[in-house]
Structure formats: C-alpha cells, structure tokens
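Presented sequentially are two complexes of chain A, the first with chain B as partner and the second with chain C.
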Partner chain A sequence: MFETLHRYRYHYLMLLPGLILGGMFVFYPIFAACYYAMHDWSGFNSDKVFVGLGNFVKLFNDPIFWDAFRRSLIFLLGTVPLQMTVSLVLAVLLNNQLLKMSTWFRTMIFLPVVTPVAVIGIIWTFLLSPFNGPVNGLLLDLGLISRPVDFLGSTDTVMPSVIGVYVWKWLGITMIYWLAALQTVPDDVYDSAKLDRCRGAKLVWYIILPIVLPFAIAITLISAVGALNVFPLIMSMTNGGPFFASEVMEIFIYRTAFATGDGSIPRLGYAAAAGVFFGFVVLSLTIAQAIATRRARSGAREISS
Partner chain B sequence: MRSRHSPLRIVYGDHRANWRIGLVSAFLTVICLVWIYPFVWMISTSLKSNNEMFSNPGLIPQSWATENYVRAWTEANMGAYFFNTLIVTVGSVVIVTTCTSMLGYVLGRYRFPGRNILFFSFVATVFIPQGFTIIPVFELLSRLGLSSNLFGLTIATSGHAMVIFVVLFAGYFAQLPRELEEAARVDGVSFLKIFWYVMLPLARPMVVTVVIMQVLHAWNDFLLPLVVTLANPAIRTLSVGIYAFKGEQFIDWTGMAAAATISIVPIVALFILLQRYFINGLAGAVKG
Partner chain C sequence: MLSSGGLTRRAFMMGTTAGLAATALGAGRAAAQAIPAAINDIPKGGTFRWIDSGDQKAVFYKKFFADYAKDRGIEIVYDALPWNEIAQVVPLGVRNNSAHDVFALPQNVNPADAVAQGWVQPYDDFIPNIAEWKASFPAGAFLPGINEFDGKTYGLPFTSNKRYGTHLLYNRAYMEAAGYDPEDKPLTWSDFRDAAKKITDAGKGRYFGFIIGGNQLGRWSQTVRNMGRMAGASAGGDSVIEADIDFRTGDYVFDSDQYIAAIELLIAMQADGSVFPGIMSMNAPQARAYMPQGAAGMILQGPWNIGGWEGQNPEFDFGVSSGPVPDDGPTGKLTIGQGALAPNTMWLFKGSELGPIVGDIFHYLGTVEGQTAWANIVGAGDPPIFPEALDNAEMSGRSKAILQHFNELIRVGPNPVVGNAELGKVIGAFQAPEVNFARTVQGLVAGELKGVAQEMKALKDRYNASLDAAFAAAKADGAAVDRSDLVFANWNPDADFGSADY
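Right, the complex of A and B next:
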C-alpha cells in the first residue's frame, strides 16, 4: 500500500491541485445538493430540518414547478429542431470550396456566440421594444402590423421571442459542429454524386446525412443540454416574466433559493430538490446520448463495411 | 455522359457553376447582414445622444456623441467592472489550465491505483447544469469567507468549467507518442520536468483550445457572478454590471448601448484574432 503510494507519488502530486478544485466545486456540490434537497432549510444561517423526500413530494404537487418544467421542455422543442436544420443548411452552403467569402460569412454568423449573453439580452430588449424599437419600426413600415407588438411584455409572444433570440445567439456553434462533421465526408462521395447528377437537397438527404448521422446525434444532444441552460438569456431579457410566462427551471430554482420575489422567504432545500430533479433529467439525456451515439457509430460501421 | 465531355459543357458548365456560386453568395450576404444588424444598431445607438436616438432611426449618427462612453465607463462603473472581469478571466484561465493539464496528463497517460474511478467520476459530471450546484457552491464560499470577494469568484469560476477540459486534455495526452518521453526518462529527466519541458509543449494546440474556451466561459458567465456579487456590488463583472444597469436606468438606451459595446469589444477582438483556434477547438468537441 505504502509502496504503491510512494511509487506513484509524483502522479498523485500532480493530481492534487486539480482534485482540490474539482472536489470543492464539482464533486462536493453534487452530494451537498442531494443532502440539502432532503431538508427544509430557509437560509444560510438558519437550521436545517430533515424532511426526507418531503421536498420532492411537495415539488411534484406544485403547479408552478410543473409550469416551469413544461416551459423548459417547450423551449427545448422550440429551439433544437430549428437550430439544427437552419445551421445544417448554412453549413452545407458554406462547405462549398468555391465559395470565396466562406470565412467571412462564418465569422459573422459566429459573432453572437462570443458575445456575452447578458449583453445580448439587453440589446434584444431594445430591438424588440414596443417603444421605438427597430423591429417594430420595420414591421410597421412594411405594413405587417398596425400597432407595435410588445414582444417581451405579453404572455403570448414572450416565449417565441426568447426562442428566436436563443437560436440567433447559438446557431453559429451548431454550424461549426456541422461543418466539422461535413469535413469528414470524403471528396469521392461528392465526385460520384456529381456523376450521378445528384445534388442540392437530394444529395444532402440521401448521401450526406446518413454519413454524418453519428455526429447529428451528438450535436442534437449537445444542443439539447444547452437549451436547458438558458438562465442568463431569460434573466437578462425578461426576468422570467411577464407573469412567470417565461419562467423556466433554472429561473424557478434561482427565484426559490434566493427569494428575489417580494416578501418571499428563501427556500434553499426546496430549490435544491428542484435542482436535483432537473440534474437527473439532464443526466438521463446525457446517458441517452452516449447510448445513441454508440449505436449509430456501430450502425454506420456496418453500412460502410 | 456524352455531354459532360462536349466543348459546350466545358464552356457553359463553368458559367453555370459561377452563376450558382454568385446566387449563394448573394443569399448568404443578405443573411449575414441581417445577422449582425443588432451589433451595428448597438454601435450606432451608442454614438447618438438620447434625443437623437428617438428622432433619427437611421444607422448613421449625426452627433457622434462619445459622452455615452464616458458616462458608461464612470457613472455606470463599467470601468471597474471591466477590470473585475479581466481579473476573473485571467485568474481562472491560469488556474484552470494548470490544474486540468496536469490532471489530464496523469489520467490520460498513466495507469495507477484509483485512476479509473477518478477518470469516470469526471466524465460523469460533464453535463451537470449550473442550476444544480449553485446553492452548495455559494454556501461553500460563504463558509470559507470567500463569498463576496474576487478571489472566491475566480476559483469558483475555475472549478465550474474544469471537467470538460480534463476530459479534453486526457484524450489529447493519451494519443501522443511514447518515444520522446522515454528518451527523456533514459536521460534522467525527472517526472515533473518531463511534463513541463516535453509533454506540455507538445500539447500546445489543446492548451490554446482550453484557454480560449475558458476565456469565453469566464467572460460570459452570469449565474455564478450574479449570486456571488448580490452582497457586494463592487466586484460585479461586466455581465452582471450591465444587467444591473438595465434594472437601474432602463431609459438610458444610449448609455447602455455604450456599456454593451465596451463589454463585447475585447472578446470579439480576441475572437477575430484567434479565429482559427476558436473554430478548430470547438470542432474538436464533436470529433472526439
């Protein structure tokens, strides 16, 4: 025992700083969150009361929680398919080697990705504002609407607006993933497709997509996990409003834990329970990804062999 | 097949291809102009006076008002927030790169007792959402007395994103050839020196990727700095600062546009300079 420790002493020494950091901010919080989730706990200085699974029972009977959960799902279903298809079309167009300005286009589409989310939230609240906002100005000038639409201030339009901004912000990264996948398609596939006069949508659908399918699954799931982490965008655009109409899971957790509402008490245990449940959902998605990718990869291997 | 080789095909075929490329370029140009319009509008607005903003909807400002920037930098404290963000970003990049490259090196290249369990624990937590761990992280920082200072914010920012980098480094180090390392060992170079002088320089592309991804993460991070700075507004980062600015002065559009411009210029400049690394680094995430 001691001998092994001594033999690998430098290995363990090099692991140490990272393990301390990971222990503090990755592993400890996971266990602590599960521990808090089983307690009734109102603040950082007050006592915790053990309630077992009580918080979860309360959670499952809480319509506000389910509304937030449903909104997270709507957000997921609203963004991922749109983001995947539009970015694929752009990636196929940009992948053309004859296109000289390809790098320029890529840079411009990628620009929102490097911009801090909070800044994007602020700019879009202006752009979508019913008072002198340029989007309303344009729609009025074109005669598409007769009076300004309060995109972020009305319960009907807030989710579609936030979904639109989210897709705009992150499309560039999905496009880069697609481009990386398209680079793996060998040139002779294109050449023989050209001989067979197969091009455009047909080429993409019947020839390119089956080849990049394993990537497609990975990209979908990376995007799906991303779409569940939308706290900063929604916080900076709407704070979850109006009337909770854009309150997704993470906003629910933040609001419950840090009591930003008027006169409400912080409920840390309850918020932790919501966080644990949410974490499990994301973890299941991740596991689904691992399994699906592996299956698709072995499937692709069978086809190619 | 006959038409493919006919002279007509050779002449007109190129034409048709050019024409199609032209059409695609035109289409993409329109898309991209719409795409970056919010940024153009933001910069234009930041150079208008508050009155002009309502009277002149065009993109070319008449007054070229620079006082918005002065106001954002001093009154809205963007200057201080800028330096806070810079400290957190640089600090977390140094911490993250050091810790994760060493972890990734040892986990990726060596088999020792405890290696597998450690490695899989890291992999399993890659997709844990921030909302899941924010409460314990804040509570831990409070207990250590670091909950409202920049050092606490810096180490928490480092810890939050490190897992994916450990996995990336482990993968990269695992596929480097053995020969150099062995040659160095035969020459009697110590374990730590081999890492520092031989292996780390070989992993430079991955170091660049990790640095860039961490810069992006630190500059963009919102939930953690928001929670940590609730009690101490003086250490706000740009993201949180601009969010607070919106809450306090929501009618000062031009000032906010200037503040927004200040907070994106450094990161956008970095992106344009190091574009190749950004793109390749991110593409590596799906290829692996």
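Right, the complex of A and C next:
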C-alpha cells in the first residue's frame, strides 16, 4: 500500500488542493449543519444544548415550516415547466442558422443571466411598483386594469410575480442548454426526416425530442435545483412577505437563523435542521435525475442508431 | 413633479423660507462643531469602527467623525445600517472577533445577555473620574440591569427616551385642501380616515392619503400600539417583556377594544382606497422618501424625519403634530421605560483594543458641549439626554413643536428590570411567537387573516404562552422571578413613575 502511495504521490499531491478546499467549503459545512441541527442553540452564545432529533420533531410539527416547504414546491412547479417550455421554443427557433439576427436574439435573452440577481430584484421592484411603475402604467393605459395592481404587496399576486421574474432571469441559460442539446442531433437524422417528409412539430416531437431526452432530464434537474435556490431574488423583492406569502424554505431558514423580528431569538440549531432536511430533498431530486437520465440515455441510443 | 404640482403659492413660500432658514442654520452648525482636547492618549494605527442605525444620527456622526479623525490623526469608519442588518452584522462580527469597536445592540439582544455572553466590555477604565462624569447625566440615565452590570458601566445612554415613532407628518398643501389643520387641532381617528380619503380623491391617482412602510413589520406593531395607547389602552412599550402589558394587571392588552379599533381603522382606510398602493412591498425609509415627492399626504413616523426633510428637501412644506387621537379627544398617555433610549445606547465591543478612543468619544457625548452639538444637528429626531442641551440648541419650529408634544404626551412608566434585575434572564429566554404582533397586524391589513377580535385574542394567548415559557426557563436557570414582577398596582399611566414608586 505504501509503495502504491509512493508511486502515485504526485497524483495525490495534485488532489490535495481540491480536497482541502472541498473539505473547507463543502464537507465541513455539511457536517457542521448536521451537528448544529442536533442542538438547541441561538448560534451566538455558548448555551448549546444537545437535543438529538428534537429540532426535527419540532420542525415536522411546525405549520409555518410546512407552508414554506409547500411554497418552495409551488415555486419549483411554477417555474421549471414554464422555463423549460419557453426556452425550448426559443432554442428551436434560434437553432435555425438561417434566422436573421439569431445571435443578437440569443445575446438579448442571455443578458439577464449575467446581471446580478439583487440588481434584477431591485429593478423589477421598481418596474412592478403600483405607483408610477411602468408595468402598471402600461396596463392602465391599455385599459386592462382600473387601479394599479400591487404585484409584490398582495398575497394573491406576489408568488406569480416572483415566478415571472425568475423565469425571465434564467430563461437564457436554459435556452443555451437546449441549444447545446439540439446541436447533438446528427445532420443525417434531419436529412432522413426530410426524405420521409417529416417536418415542423412532427419533427420536433418524434425525432428531436427523443434524442435530446437525456439532456432534457439533466436540464430539468438543473432548473429544479436552481428554483430551490432563490434566496437573493426573494430577499431583494419581497423579504418573504407580505405575511409569509413568498416565504420559501431558504427565507424560512434565514429568518429562523437570524430572527430579525420583534422579540425573536435566533435559532441556528432549528434553522440548521430545516437546512439539513431541505438538503436531503434536493439530494433526492439529484439521485432521481441520475437514474432517469441513465434510463433515458439508453432509450435515446436506440433511436439515434 | 407631483409635489410642486400640488403645492399652493403660500406653501411654496413657507417651504422656501423654511429651507433658507435650515440652510443658514446648517451652515452655522457646521462651523460651530469643535473637537475638544483628548482625555486619553489616543493610540495611532488601526481603524476605529462604529455602527448604528443611522438616520439623522448619521448626519451628526459623518461630520463629527471626519473632524475628530482629522484632529486626532486616526482613521474612522462609520457604518449606518437598518436594524434588520444590524441584527446580522453585529452578532456575526462578535462571533468572528471582527465586530465594530462600538456598536448598537441588535433589538433582539438583551444587554444583560450581551454582558453575560462577553459581547461587550465596561468602559470605566477609559474615562477618568467616571463617577463625576456620570453624575452630570439626568437621574435614571444609568441603571443597574440596563447599562450597568456588577457595578461597571457598559452602555452609553446619550439620547432621551422621550419620543415616539408614529406621530403625524403631513403635506401641508394637501391637508389644507382637505380642510384640516392638525397643527391647530390633532386629527381624530375619524378625521384621519376622512382626510386620507379626501387627499386620495384630490390626488386622482397621482397621490394618496396615507403611506406606511408595510414591509418593515415593526411599523405595524408600533402604529397600532401607539394609537391604542393614546386611545386609552394602558400598556408599557419598551422591552420585549413589557411592551403591550398593562402594568396594573401584568396582562397583555392585544385584545383591548382600543387595539382592535386601531387595526379596524387601518383596514377601513385600506378598503377606502386611501392607502398608498404598494405599502406591503416597501420599508419605512422608502415610504418616508415618497412624502417629499408629494406621493402621499400623511405618514405616521418619528421625529427623525424632520431634520432629514428640512435638510435634504427644503422645498417640501410639511407639518408635524400628534398621532391621531380618539374621536372624543385625547384619553391616554404613552408610557416609556425609565432610562435612556435603548436602541441608541452604544456599547464597547469586548474585543476592541481602542478603548481610549471610545472613552474619549463617549466622554464628549456626555458633556453639555457634546450634547448641544448633537442637538444642533440631530434636533428632535433623537433628542439629547441632557435637558440643558435642548435649551441651548438651535432647532427648527417643527422640532420644538414636536418636542413640546412629546413632553405633554409621554410619561415615564415602571421598568420591570429596575424592580428585579433578574428579569434580564426572562428577556433573554423570551421567544416571541412566530406569528407575532407585527405580523398579525400586517396579515389582517393585507387580508390574509380574517376577524380582528379573534386574531388578537389568539395573539394574546400565544404571547402569554411565550411569556410563561420564558419565566419557566429563567426559573430553571436559577432566577428568582415571577410574573407578578410585571405588576405595578400603584402605576398611574398619566403620571411619571419615579424611583420611590418601586
């Protein structure tokens, strides 16, 4: 064993920086979160009491936690299908090299992706403002509404509004993924389809989609995990309000950990338990995706061959 | 554009005159600020850092620290952050041993806890003859359990508690057009609703009657609490275990008729369409910024707006007066706890090595000269704790008027921690319900919760459960406390509660 270690010492040396950084910024935080999750601790004093799974038991009986969890799922289900569909349509259109200004369109659609989330959040807060906001101004001018809509201040409209902004922000990256997937479809498949007079929706549905299905699953997963990480957008737009209406899991964890409300004590242990649970949910999604991709890939191979 | 469109010539002239006066006053103040000789050897090198909640305080500190740093040959960083950010920055800084040298404690951290947890250190050693210096403060400024612990001095109490943050500030032109003059006669609740409606009608969508930073939860609890108390619901209003508690019974007043009526008034105004659209997605600073733009006619906020608007928006003609009073006239006083204004009390970080600088600055802020310099700039926003500084200070008519109103309306109530210092452990253990007072009011006004009376009764039950749990935890921790410590049967809400009354 020592001989093997010695023989590959440079290989191991090369691994070391990655291991150290991964240990510091990935593994340690995971273990620390699990450790804190088993303590009743505010996070800022020395009174740390071991409670075992007590925080998890409390969590599962906390209706506000489940409401936040439900909102995270609603956000995921509200964004991912919309983002996937719209970006696929755009990708199919922009994949046509003969389309004039396709590069310009791609750049424009991609621009929000590279803009910082907080900036997007603040700008959209102004755009959606019921007082002098251009969106309300347009709707009023068109006669579609008689009184400005408080998009971010009404419990009915806040989630659809944030979902809309999120989809707009990340549409470009999903479109790029689709474009990359579409470019893996071999040219001879298009030629054969042409000979068989298979065009338009038929071509997309029966030929292209089965081939890009493994990519679709990967893109879905990336989008789904992204939709569960919306902290900066929601913080900059609504702070989780009004009255919890946009409080998704991450905002719940943050609020519990820092407790900025009147008379509230931070509960880092409790927040860590929520974080660990949420982490498991995301992990489960990833595993499900890995299995689904493997199955889809074998199916796609059959079609392309 | 909106404000100028809505202003009368009279209002414009008044605003201009006020602006010129404020500018002249400001120029005089800038020249008057002088840095006194140092009381300690000032260490060179390193950067001295100070953090508080800013507002009008920032106007003073930016000027003072610039002059002070130049005079002493040191570097100073002053950070002014909203309270929700202080609640994160300060604890993280303490934990990482990188906190500011001087900080305001987050509002959910009790001073006794901060001392016990080693967040802060006493500054007795950094002010020579500190006993003499402390004796120059008004009685009740330094109190065991509040800013003194184990005979040592920890907190700097340099601003007065005698103010409240929900008095009326309004656009004079709009109010005059609505037919009201709150400076002559405070608006009653009915007047308040009617004025908001009339202003909104006159605005035709360009401006609205009433605005509030509804995304900043504390605005809801403060507004309802103060309206309810001014309508006769007697309750304390400072720390987490005394706010909304009637000291005569020791019980919460959330379900009192006055609190319920105050919430119903806000809901009715919302239903009238008199409330600025978008309040639920704006915080207090954003809401206040709309006022000088002429986007709203009235706001219930604090005196810190006066200096800000007079300095930065001299063309804005606004009036100040009492918060709305019940229809049959003023019936209740506002109660403040004994001592200085807790959020403005400054603390010396345990890990700071710049104690001599802190002592030098704290000492200056606790002299008549320092207090007068403070009052000249901060005015009524954060009144100095020395009454003579208020007499010496040059202040605008609005600032003087609102300070006079505070004197008439506000009374010093019992401070349970002064009665039993061990209540600090209860404060430390108190965990407010997740759907707390502020959120409940927000939920009711937003229409997410229905039935004011039953929601407020349920809220009272939740708070009672939380308070009982905090007492139980404190007792388990060895504290000799009881809920009867919150009962002061001899308390008269209309009179000051003195040391002899405990």
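Definition applied: the second predicted complex is superposed on the first by the 291 of 305 C-alpha atoms of A that agree within 3 Å, B and C clash if a C-alpha of one lies under 4 Å from a C-alpha of the other, contacts with A are read in each partner's own complex, and residues count from 1 in each chain.
Operating definition for what follows: contacts are C-beta pairs under 8 Å (C-beta built on N, C-alpha and C of every residue); 3 or more make two chains touch, one makes a residue touch a chain.
Here the structure is a predicted model, which means the values were calculated and not measured.
Trainee: Now for A:F75: first (chain B), second (chain C), both, or neither, which partner does it touch?
Mentor: Neither partner.
Trainee: For chain A, which side has the bigger count of touched residues, chain B or chain C?
Mentor: Between chain B and chain C, the winner on chain A residue contacts is B.
Trainee: I'd like to know which partner A:P130 touches here: chain B for first, chain C for second, both or neither.
Mentor: After superposition on chain A, A:P130 lies in contact with chain C alone.
Trainee: One more residue to check, A:V225. First (chain B), second (chain C), both or neither?
Mentor: First partner only, chain B.
Trainee: Scan A:W170 for contacts with chain B and chain C and give back first, second, both or neither.
Mentor: Once the two structures are laid over each other on A, A:W170 reaches no partner at all.
Trainee: Which partner does A:G279 reach: the first (chain B), the second (chain C), both, or neither?
Mentor: first
Trainee: Could you say whether A:M101 touches chain B, chain C, both of them, or neither, answering first, second, both or neither?
Mentor: So A:M101 only meets chain B here.
Trainee: Between chain B and chain C, whom does A:M24 touch in the aligned arrangement: first, second, both, or neither?
Mentor: A:M24 sits against chain B, while chain C stays out of touch.
Trainee: Can A:F258 be said to touch chain B (first), chain C (second), both, or neither?
Mentor: both
Trainee: What residues on chain A does chain C touch that chain B touches too?
Mentor: Touching chain B and chain C on chain A: residues 44, 125, 258.
Trainee: Using the touch rule from the top, collect the residues of chain C that touch chain A in their complex.
Mentor: 83-84, 87-88, 91, 94-95, 107-108, 113, 117, 205, 214-215, 217-218, 221, 240, 243, 273, 276-282, 290, 295, 428, 430-432, 434-439, 442-443, 446-449
Trainee: Inside the complex, what are the residues of chain A that reach chain C?
Mentor: The contact residues of chain A facing chain C are 43-46, 64, 125, 129-131, 147-148, 150, 152-155, 237-239, 241-245, 258-267.
Trainee: In the complex, go through chain B and note every residue touching chain A.
Mentor: 17, 21, 24-25, 27-29, 31-32, 35-36, 38-39, 41-42, 45, 53-54, 57, 95, 98-100, 102-103, 105-107, 110, 112-113, 118, 121-122, 125-140, 142, 155-156, 158-160, 162-163, 166, 190-192, 195, 216, 219-220, 222-223, 226-227, 230, 238-240, 242-243, 246, 253, 256-257, 260, 263-264, 267-268, 270-272, 275, 278-279, 282-287
Trainee: Where on chain A is chain B touching in the complex?
Mentor: Touch residues, chain A against chain B: 4, 8, 10-15, 17-19, 21-22, 24-30, 32-33, 36, 44, 90, 93-94, 96, 98-101, 103-112, 114-127, 132, 134, 137, 168, 173, 176-177, 179-181, 183-184, 215, 218-219, 222, 225, 228-229, 231-232, 235-236, 249-250, 253-254, 257-258, 268, 271-272, 275-276, 278-279, 282-283, 285-286.
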